[in-house]
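Below is one structure, written out as structure tokens; comments come after it.
Here the chain labels run A, B, C, D and E in written order, and each chain numbers its own residues starting at 1.
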Amino acid sequence: MHIVVSDDARRKIPLHTAANKTLSAQRKGRKHGGGAVHILEVDSLHLSFGGVAALRDVSFQVPEGSITTVIGPNGAGKTSLFNSISGFYKPQRGTIRYRGADISRLSPPQRAALGLARTFQNIALFRGMTVLDNIKLGAHVHLRTGLLGALAYFGRARREEMAIREEVERRIIDFLEIDHIRRQPVASLPYGLQKRVELARALAMRPTVLMLDEPVAGMNREEKEDMARFILDIKEEWDVTVLMVEHDMGMVMDLSDHVVVLNFGEVIAAGTPYDVQNDPAVIRAYLGDGDIEALRQRLTGRKEAA
Amino acid sequence: MIGKLWQQGRRLAQAAGLAFALTASGTAAAQSSQQEPLVFGGSIPLTGVFAFAGIHIHAGLTDYVNWINAQGGINGRPVQYVMEDTGYLVDRSVAAYKKIAGGKPPCCYYGDSTGFMKAIAPELNAANATIMSGASFATAITDVQQHPFQFIPGPSYSQMFSIILEYIKSQAKDGKKPTVAFVCSDTEFGKDPIENGRAYAKKLGIDVVEEIVTKPGSVDVSAEVIKLRRKRPDYVIFHGYILSPINEFMVQMRQMGLDTKFMGTFWSSDKLIIEKMGKDADGYMGVMPYNYFDTEDTGPMLEAMREQARKSDPKQAYRPTPYVQGWFNAMVWTEVVKRTLDAGKPLTGENLKAALESIKDWDTGGIIGVPVTVKDHSFPVGRIYRVNAAAGRFEPVSDWIHLD
Amino acid sequence: MDAVLEVDNIEVVYNKAVQVLRGLSLRVPKGAVVALLGSNGAGKSTTLKAVSGLLALEDGEVTAGDIRFKGQSIKGLPPEKRVRGGLFHVMEGRHVFEDLTVEENLIAAGYALHGRAKPSRDGFELVYDYFPRLKERRRQLAGYLSGGEQQMLAIGRALIAQPELIMLDEPSLGLAPLLVEEVFTIIARINREQGTAILLVEQNAAISLAIASYGYIMENGRIVIDGTPEQLVANQDVQEFYLGMGGPEGQARSYREIKHYKRRKRWLS
Amino acid sequence: MDWLFFAEISLAGLATGGLYALIALGFVIVYKATRVINFAIGEIMMIAAYFFLTFAGGMQLSPWIALPLAVLGGTLLGGIVERTMIRPMLGESPISVVMVTIGLASILVGLAEIFWTADPQLLPEFLPRDPVFLGEIYLAPKIAYGFLIGATVLVLYLLYFRFSRGGVALRATASDQAAAYSMGINVRRVFNLAWVFGSLAASLAGILVAAAGGLSPQSGVIGLSVLVIVIVGGLDSILGALIAGLFVGWLETVAGAYFGGEYRMLATFAVLAVILVVRPYGLFGTHEIERL
Amino acid sequence: MRIGDAKQSYLADEALWTSTTQQVWFGLFLLALFVFPFLATPYLLYLACLVGIAVISATGLNILTGYTGLISLGQAGFMGVGGYTVAWLSLHTDLSLPPALLAGGLLSAAIGVLVGLPSLRVKGLYLAIATLAASVFLHFVFMEWTPVTGGTKGLSLRPAHIFGIPLHNDFRMYFVIMPLAVVMLLGARNLFRTRVGRAFIAIRDRDISAEVLGIPLLKYKLMSFGLSSFYAGIAGGLFAYFFRVVTPESFPLSMSIFYLAAIIVGGMGSILGGVLGAVFMTLVPELLKLLTTVVTPFYPEAPVIMSPLRGVVFGALIVAFLIFEPHGLAEIWRRIRRFFHLWPFRT
């Protein structure tokens, strides 16, 4: 079942190594056919901090409607990459194109307005607000109320607030099943729920590209399954392209359409989950060359009995 | 010192204990008197930057009221002194006024700052029931239009400068033009007399060679001293200070071998200067509208004041100038109230004002050495005193100077 | 073999709300190297902080279980007492004192000897012996060292403290592969020559298993697999864990096959 | 231009600046180690000066015995304050801790009014009074000797921080608190130590400043001008405190001498504004890198 | 015990007072505010006006510091701008109170925006000191720009008038100050129900992630500065009309610290906290004074001895409050309320 996946076919259903785990190709909701459109293109991105390079000539594409995952060991530059795409870091070289247009010079809020939404590795919820307010905050760029309107809270400002409340309730809170906590301050929530609220806030941004930074880190299996379901649904029902960083390989391999592997700020592999899983460079990055005994001899200078 | 601390602590503990006992037991006992008492009110700065004076002002007012009551009150009516601490903050002073005025309205009131006098003026004008004086000698108060019910218990700061300049002129020898420098603090208080002082000096033919404004709270004044060293003025007139940095100016300039003479206005002429500066204070001169507590002058009121002070606190042989100032304020109030009552008029602001303005060649019983006449709601009189450090006191070096 | 460290069924809660460790137990024999592996967020660093007592700084708390060091419970001790007892924690991200010189960093580490020994030149020479590069740079500010040198300094500080147990948190983080090997070679040497037990937290499974005599793999705040390096390497679960290569049949279903059930309610609470 | 005048003014300014630097040092030590902004530093100075007044004036001790005693008193005060008011606030928001120090300032002013009355005071003379001349240049003796004492202490501090183990512990804690814990450093004791050292510098400065500028319960306001200095120098930089202290002292004095006293603060704050634009974290302050 | 509060619409759910009980209480409170001046002594009336002004200013500072996380030591300066503007207008024009006050607020807001410019680069205490610098500049202008500000002597105002009614006493001023305070409080409350307020809080909690989530930092920081200064300007204008005199010493630095203390003691980031803090800071010194007054007839030395003690007690109260409840009076109030909501059950 090993298929060499051409660029065009990347969108195809990834195949799992374990034979029985082949996913049914009929899985509903995967609806794109035609030519691959790259919604996001990162081209020779170079970012360094005081001489230390965090990203070196990183290039890859995110096909529209895909779930693309960036993996790599700790410190490989994944979060720096996310920060560069969302505009928080200003890379020294390289371009980022969104739907073909260069967005490298746009400020973070402008990028957010284009539909680049994200979550953060270390949850960045606003601790002083309730769950509901955190989510509503996500919709900020889509609202128009000005200062005077806000002070008066009358007429348009109030209508707008009601509309956003309704949207958030119907589309997001309900979808993510967090209605029971909407009035709670986020600081009091357990970790898994905080992650979910963060996702909700990103959804309120009405994203076209949703960037998730380690969405299931620190979750148990059950919570991970919930999150996986949400991610799939977001992609399929909401027509959102998902770009994520994740460490849980099971999750990455199951969900991703396209995987990019970073190591030491460089892209060392990209392709279908299957491709990268079997890529020797990737294996080395994660597991070393697998010959522990040889390594042990190099490190300790002698052979030790286990 | 330790003993004093201990004593303070004990008094404090007593007071605190008493406070608790009283809050528990209820309010004060009513004072019994056949006649409705007259109220002297006061916004007194017992804390804050002006507390050093406020405490003595409070003592002066308290003692005077006790004394006048012992004399049978004013025309038979007892006087009640009601005060509140203000911390020398304008809004607190106003609060104190409102609180006191909300009870039995005071016919006379002590205001603790120029800011307060200005802030309360509209209220006072509207109430038309109180005449007010206090710690402020600000020139602005002499504007009778703006401040009809306020007066200065002595010369205004401008008038003090005038008195000092008159003295300087009188000392000039061989027709030489004396030179002076003004050293003032950078506050409303400090800058008050500069303009008038400059004009008056010009009128008298005195050269103002330097005007220095110092920032309150600056560490040292040697830069200013260096400046004065180049101008070598015959006189330096300080205004807007209590103590520091006068001492630094004097010591440093004398060390440089300058023979400049140093003079100051009312608040800079307390005996505190001698106490704290010791022999360095020698030769410093101040303008004072009143006799010092320990003056050799005599007079019935002077004696009464000393007697009363001895009675209220026998341990303190001397009372500083704010005490005398407080006492004198109450004296003027008494005089004004008495004149109004004698004329059979009600105690309205207008009537009290008229009574004040009627004061002419008034004998203060020795508090001021000459009969005084009110002009523009002030008593433009004063005398120059010089420090005799060995004797530890201010000694008069001029006659009483009554402007106009 | 005697255990220098025994962690017994501990639970850790952050901010009185978030539970990170759920009944974790592990054991470090005297003089042994033990690896603690696991994915991001599994709770590895938290485990080390629970042992060293640094948890309190982050508003975390050990709510159950016990931690014994050399047979004594250390749960209630403040961090500096634990360090002075011979337990040294090299934190993730190296945490060198950037405003201090290399030598001053070592001097600071001398506080760990408080109550046990006097800091001496020999200690410094020992460090410079293991890390000659630090000697060259001993008057430089630690902030200007390269990442590898900083990691060496961090381990050097541990050496000064003459501990019985060093806990190393991700020493390979951000280091180039060659440097990683260099650092691990020295770790192995320290263990061999000084007899110091080492508890090693790593993402780089291969290299840590290469110097460890025992390994634990943790997930979601508890140990899921443990064994000797040989056992672990042979274990399919480990493979899956790191590369998502499918484990044994039926053990885990694909994330794609999760049932979609949805509730639709719309009342307000 | 009168160069002699300029030189005299400048020197006077620098000498004042030395005292500023000493106060700023007291502030920076506390901030650096504990991240607490001590708004009560001026009041600690004031209390120490009153101690001196009590020992030297009231109890008639020799000033050279009274001085260390008073400094010790101020130092103890700092230690006690840390233990009773600051430590319970560990982990609270910095601004709440700032407020605690403001409350402390109010307490200390009240205590000073109770125990020493509100009268303005002069400290007993304990420094030589003869004017100091450097060639033609006159220097006020109090300021000159005050500067010398202050500078000596500053140098001692710098040596201590650079070379002693305690100094290393303090700097280590300032650099990385968690790491300091992991080195076996008793961080809570270091916090206390920082307050003790900071209060020591402040106490000494308080006495020297009061010797030159007089003393009253309100003298603590000088603490505010120190804020400007530490911001110019960088909140956590000892070197910055020294340089900014000297510079601000000089600038203030020169501006005051040439333009008048009203311009003293204006000049300082104008410089401050420029510094904040050019170097937002002060001349030598650490800029914390933010991470997402 | 309150049991449930099911809502029929989002509008009802988002209302400020979500239960009838709350509405009734608020109504009663407004009624009490209205009736108060008819019953109060001049002293209490005066204090009420002071409290009203303090509440407006504290709320303004709370928007900036409590909600947006930008510490400001410039509040007194901004109030001064409002006060001087109003005073100048009173002397040179015949404007009635509303436009004059508005002008004061707007000018103050404009200067606030200017002062806020460094806020993109500097944070925390550095920003606080930058605002302190601004406040020193303003003070200098008040002192030295004599033709406009009257220099050290300041300006004396004519009584304000509104709709031709002169406001020459506290009683009338009260009916300007209190309603304005209530309206401005409601405005602030409303603000935090909308995107603008949420953006402020987001900036406070984590400004860099707020930016990535689509909030232009500079714009909103400046907006917060402007709004906060507007509140300060209004408060300053009222202050000027109330005391009918402004001098540079009317707006000292200690006033900025006073307001900072008010919001910290009251509770930052809580409208109620700002109110409670303003009330606390204004009234507690007066209450402490009451104690002295009670003792004085029996112990004539009491004022002299006990007055400094007040400073000690006041400081100690602040310290104690912060040590035992760092989130301020608002948090204490919330706990009390919860206790009664759940009563007789314990939490």
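What to note about this one:
Just so we're on the same page, contacts are C-beta pairs under 8 Å (C-beta built on N, C-alpha and C of every residue); 3 or more make two chains touch, one makes a residue touch a chain.
In this text, all values refer to a predicted model and were calculated from it rather than measured experimentally.
Here the chain-to-chain distance from subunit B to subunit C, counted in touching steps, is 2. Looking at the partners of subunit B and subunit D together, the chains they share are E. Ranked by separation of Cα centres from subunit E, the top chain is C. Most remote from subunit A, judged by the distance between CA-atom centroids, is B.
The pair with more inter-chain C-beta contacts, choosing from B-E and C-D, is B-E. As a whole-number value, the distance joining the C-alpha centres of subunit C and subunit E reads 51 Å.
Subunit A and subunit C have Cα centroids lying 28 Å from one another. Annotation: 76 Å between the Cα-based centres of subunit A and subunit B. Among all residues of subunit E, those that touch two or more other chains are 10, 13, 143, 208-209, 212, 305, 307-311.
Under the contact definition stated at the top, the residues of subunit B that touch 2 or more other chains are 8, 12, 47, 51, 55, 186. The residues of subunit C never reach two or more other chains; the list is empty.
Subunit E contributes residues 65, 71, 118, 121-122, 124-126, 129-130, 132-133, 136-137, 140, 143-144, 208-209, 212, 253, 257, 260-261, 264-265, 268, 305, 307-319, 322-323, 326 to its touches with subunit D in the complex. For subunit E in complex with subunit B, the touching residues are 41-47, 50, 143, 151-154, 156, 159, 168-170, 243-245, 247-250, 285-286, 289, 291-311.
Residue ranges of subunit D in contact with subunit B, taken from their complex: 5, 8-9, 12-13, 15-16, 19-20, 54, 57-59, 110, 113-115, 117-122, 129-131, 138-143, 209, 212-219, 221-222, 225, 252-254, 256-257, 260-262, 264-265. Within the complex, the subunit B residues that touch subunit E are 8, 11-12, 14-16, 18-19, 22-23, 27-29, 44, 46-47, 51, 55, 58-59, 62, 83-85, 87, 90-92, 94-95, 98-99, 101-102, 115, 118-119, 121-123, 126, 140, 146, 186-188, 191-192. Within the complex formed with subunit A, the subunit E residues making contact are 10-11, 13-14, 187-188, 190-191, 193-199, 201-202, 204-206, 208-216, 223, 227, 269.
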